[in-house]
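Next come two complexes built around chain A: one with chain B, the other with chain C.
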Partner chain A sequence: MMDATARPEIDRPEELVETRLVTWFFLAALGYLFVSMLGGILVALQLVHWNPLQGLELLSPGRWRMIHTNAVAYGFIANGLLGACHWVVPRLTLKPVFSKALSYLIFAAWQIVVLSTAGGILLGEAQALEWGETPVWIDPVAQLGLLLVAINFLTPIIKSKGPMYVTLWYFTAAFVWTFLTYAMGNFIPEYFVSGTSAGAIGGLFIHDLVGLFVTPLGWGSMYFFVPILLRKPIWSHGLSLVGFWGLAFFYPLQGIHHFLYTPIPMFLQYGAVVSTIAVEMVVLTVVVNFFGTLKGVGREVITNLPIRWFYLGMIFYALTCFQCALQVTLTFQALIHFSDWVVGHAHLVMFGVFSMWIMGIMTYLFPRIWGVPWHSRRLSEWHFWFSGVGIFVMACDLIMAGVFQGFWWGALLPWEESVEGSMPFWMLRVFAGLGMFAGQIFFAMNLYLTWKDSQAAKAKAALPA
Partner chain B sequence: MLESKSGIFLVAGLFFFALAFVSNALVPIVMYKHLPEKTAEELVNGNLRYQFEDLARRYPEAFTKAYGAEPTDKAAREKWFNDKCAEALRLGRKVYVGEACWHCHSQFIRPVSNEDLRWGPVSQSWEYQNELQRPVLFGTRRVGPDLCREGGRRSNDWHAVHFFRPKTVSSGSPMPEYPWLFDGAPDKPNAKGLALLTYIQWLGSWHETYPYYEAYEKSPMLEMELPKADGPAAGD
Partner chain C sequence: MAPPTVTRSRKNLWITLLFALAVLIPSLYGFSGKFIEFVAVFRGESDGQFAITPIVNYLLATLGFFCLFGWAIMHGMFSDIERPKQVFLEQQEWLDQQLLAAQTAPSAHRNSAP
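Then we have the complex of A and B:
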């Protein structure tokens, strides 16, 4: 990518990046985030007996629970990261994507996939695959979409010359893995195997979706945006290599750790546990690498908002990895499996890590794309603090609730005791969730005001001098 | 290899993924290949048939509306009930998945945390080798109790009322209401409601411990010497 022929393009990256599409992806992502969070709030209210919409089929909390997870995974995170990819890949390879028309087609197709998934779930057509409840008749469309995504982004990567930067290692692998993961999880347990074998694949699917789709796109983006914002290279290239290859080798080996103590053979469960502990050690090197990069420019964490989003996400990442290495052991599983601990962990990963990163990327890119600074720094700060404190409270609350629930169940107390005992935790969770939601409302307000600013700036520029 | 396109595409992207698929997914598939996968028709058993015919007796109008009139000929009637029961199992599973029941109720009993005392024998692989576990419904969260030994523990009436308005029979339950499985009242389940009732009653009906109840122990009160009316007062 450093060759001389590509040189002239460096000065005009705006021609390589279809910024309008990046904006569209981000706005779609935020739309789904709102829908998802409303669904989450509905379910949280149901648990504390405050659901005002009881008995309505289309607003059934069970169905909205699935919309909550699917809208976050495929609506918010996938759209957000695809938007980021449309910014990052052309800038790194100095080549446009395979086809801009294809990019728009992918955008439209992906929204159709997400919306029809939501529609299918609302009508009771869900598939019995956690995080993959997409009705079976949409799966082939989604699969085709993922193939197009891979073609669109792998073309410039293959065309570019010279060694690849770390970001592109993660992205290249992610495009291959996502396609394979989706195919494996959505078709094999539905059409080819049942029972315990299907369980093993279901576990692998949930696991790979986070680890081989979201995680590599997330870390790849961090390797791109952090050095640019800090104006210095990543601390250690060696650690980057360890982090990537460690993830690539160990991560896919662990799907079964989601189903410990099931009838899945014990030796496979042990294997999954051991490789999980291994991967947690390896990926912590990535966090170390990024904190090493911060050496000498630590103040940026206070002053630079995107950097603060990114590094808070990394702290949560380190926490979840540490938590993972403990909770994956059979000792912990006996206590916390099936409890709210798991729910807390999922929120910490999806909101605490990946949403933080996407928010940071959006906080960085919207002003650059629209050519005006954020309308209000204060609203941006509120967005950050409400989100950060909200998720921290929610995760601590649910993780603790899980420990209590585990002990209540193990002590053979009547089931009702565990429900009654969970009430204070569930109550606090409602308010933590409302806080996180408020943060996003501040973001939306700020976004609207900034867009107005950009329109005003454009009108001013158009005036004859 | 470590930083080249082909290395990352072929080794990390394809080879490591394939390695994981073989070791984590193909191994259990091969290990359980000898266990035959049962169809819904093969899953209908005496215990379930009893509950299914109980539905026909309790809610005759709703049952006839959903499945038509039962044949009068004895042999034809036998086959008819079996077929309708299998049909109900399939639809019941669809409702169970579509309403996300399995996101709050697991279907497997672990060998730890006293679960076998609460719910019965630890789950085994053969119990899941059937088309209703495609994909498998292990579940990942228990807001409510595990259901894989639920069949036969409670009556159809209890379940109908519970689906209609859980708090009626289980005060303090955070379970949502499902009135759309009924035509206005808990004694009028519609086709989906009847199917879900059948599905719930099927769970565990294959097991030798059916219907599973918690270990029964005589109340210590029965062993105690009750004071006679004219006997000495306690503490004398």
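Then we have the complex of A and C:
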């Protein structure tokens, strides 16, 4: 980041950020979100025996489930955060990305990767790795894409002078980590190791994808947008750096906590447990820092919609991390392993935290980019409340279902009894999911109407006075 | 007044050292114990090397960040640790003013640092 007294000459500041590309990334993200949520609803319907696509092999629930998880991770969250990066990095470094042409190439290549992954999964070519189901022939393209992303964003960051703001620390690490994590998860188990070792790598991959790709980009974005929207600096920059370096040193060993009670040696499992607890301490510093920033401006959480999205996401983040601390104890793991608790936890992380943040970023940036306010505040409010209440109900429902399932299995009751007992929970999950989906429809409607407003404003401005 | 500052900094140093020891002694004890266990597994079992993959992964990643951390200290990234948060907001405000100026008078726009 530039020092305040040494700002560069910017001849055309309006060209610093390629706003058209930010919009494209966001619209692509929303497109994948709809596909992903549709997939989730279909899987939820299958569980209560209402699958409307019964008998269609290409659209069977097993394939839809993978579309659901891949579309949300690589389609929605990756596109959403890449869009945010195209806004944040040039504004923080006061330098454009390495090449705007490369940015457009990355945009096109990334959509090809995501669509090919979906096609590959539907045609039965999924790679046998959770969240790494991208068919093996797409992996090199995705890896190359991630390298280009790193080059494009790291160039302006490296060129900037002076002490770096915490967002740039998070982003720098994320671009390196994501490249390495993708390579580790998609190539090592496929070509170099097998069996338990591949399982251990798979665990690292799943968790590092969340913690070393989505988390640093998410928190980095929060450190950028929250102070701007609150018009005051973050409570403590020093504490924010404790959060960053804590993540860097403790996070990479955590993944094995997905494989407690497996043939992986116990010292590795204990290592994962200890590092997970250490990360919980780090998370606490981050959450305290953001709530400390609210001092004196707490009302913004009620009146400022993007801030509301951000802080609700942070509350859910603290909850998921508290869950993590419970989950990684061997006693608790024995109860909830393989149950719907894990599904509830995953939804709370991906939708309750990162999707909330991306929605908040979009709620702030779409009107800024298009130069008009949201067409309807009411639709924006409905978007927020349907999403927030929906995910809260779904997460509570699945977490409770998981505890019940754990006790039923622990009591050695017949499997069918646990399925029958789960039915009310799965029924409620369908309605919670439909509520969340309705929230996104309100958002899409509002987005379209706001875009129409912006076109009308442009036409009016073009008229001779 | 100089003396209270000296007293406070000495007190801070002792507190920091105390906390560092409280964290480092058990963690180093735990790490060395587990490392010895790891070497035993690696030597004792023919398939023991599978445990090496995640460990090497972690050590490489941590080594990289340890080097980056050292580099950051050497380049004064933490010398005035709270300054970047002020510079960041000033810079965004300045940039928004530039954008506004460019919108209202595109041809006359020029950068001028406050």
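In this text, the second predicted complex is superposed on the first by the 453 of 465 C-alpha atoms of A that agree within 3 Å, B and C clash if a C-alpha of one lies under 4 Å from a C-alpha of the other, contacts with A are read in each partner's own complex, and residues count from 1 in each chain.
Methods note: contacts are C-beta pairs under 8 Å (C-beta built on N, C-alpha and C of every residue); 3 or more make two chains touch, one makes a residue touch a chain.
Here the structure is a predicted model, which is why all the values come from computation and not from measurement.
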Exercise for review: Could you classify chain B and chain C on chain A, in the superposed arrangement, as clash or fit?
Suggested key: clash
Practice item. Look at A:Gly238 in the shared chain and tell me whether it touches chain B only, chain C only, both, or neither; answer first, second, both or neither. Key: second
Check your understanding: Is A:Pro265 contacted by the first partner chain B, the second partner chain C, both or neither?
Key -> both
Check your understanding: If you stack the two complexes on chain A, which partner ends up touching A:Leu365: first (chain B), second (chain C), both, or neither?
Key -> neither
Review point. Is A:Leu412 contacted by the first partner chain B, the second partner chain C, both or neither?
Key: first
Point to revise | Touched partner set for A:Gly195, first chain B, second chain C, both or neither | key: both
Exercise for review: State whether A:Leu305 touches chain B only (first), chain C only (second), both chains, or neither.
Suggested key: neither
Study note, to complete from the structure: Per residue count on chain A, the busier partner among chain B and chain C is B
Exercise for review: Considering only touches as defined above, state whether A:Arg91 meets chain B (first), chain C (second), both or neither.
Suggested key: second
Exercise for review: Classify the contacts of A:Ile158 with the two partner chains as first (chain B alone), second (chain C alone), both, or neither.
Suggested key: first
Practice item. Kindly classify A:Leu447 by the partners it touches after superposition: chain B alone (first), chain C alone (second), both, or neither? Key: neither
Practice item. Could you give the residue numbers on chain A that contact chain B in one complex and chain C in the other? Key: 163-164, 173, 176-177, 180, 184, 188, 193, 195-197, 200-201, 204, 241, 245, 248-249, 252-253, 255-256, 264-265, 268, 271
Exercise for review: Flag every residue of chain A that touches chain B in the complex, lowest number first.
Suggested key: 46-49, 51, 54-55, 57, 60-63, 65-66, 124-130, 157-158, 163-164, 169, 172-173, 176-177, 180-181, 184, 188-190, 193-204, 212, 241, 244-245, 248-249, 252-256, 258-259, 261-265, 268, 271-272, 333-335, 337-340, 342-343, 406, 409-412, 415-416, 419-420
Revision key, fill the gap. Counting only contacts in the complex, chain B reaches chain A at residues 2-5, 8-9, 11-14, 16-17, 19-21, 23-25, 27-29, 31-32, 35, 37, 94-95, 97-104, 106, 108, 110-115, 117-118, 123-125, 127-131, 133-145, 170, 172-174, 176-180
Point to revise | chain A to chain C touching residues, read off their complex | key: 1-5, 7-14, 16, 91-92, 94, 162-167, 173, 176-177, 180, 184, 188, 193, 195-197, 200-201, 204, 227-228, 231-234, 236-238, 241, 245, 248-249, 252-253, 255-256, 264-265, 267-268, 270-271, 274
**Study point:** chain A partner contacts - residues on chain C that touch it in the complex
**Key:** 30, 34, 37-38, 41, 47, 50-51, 53-55, 57-58, 61-62, 64-65, 69, 76-92, 94-95, 98-99, 102-103, 109, 111, 113
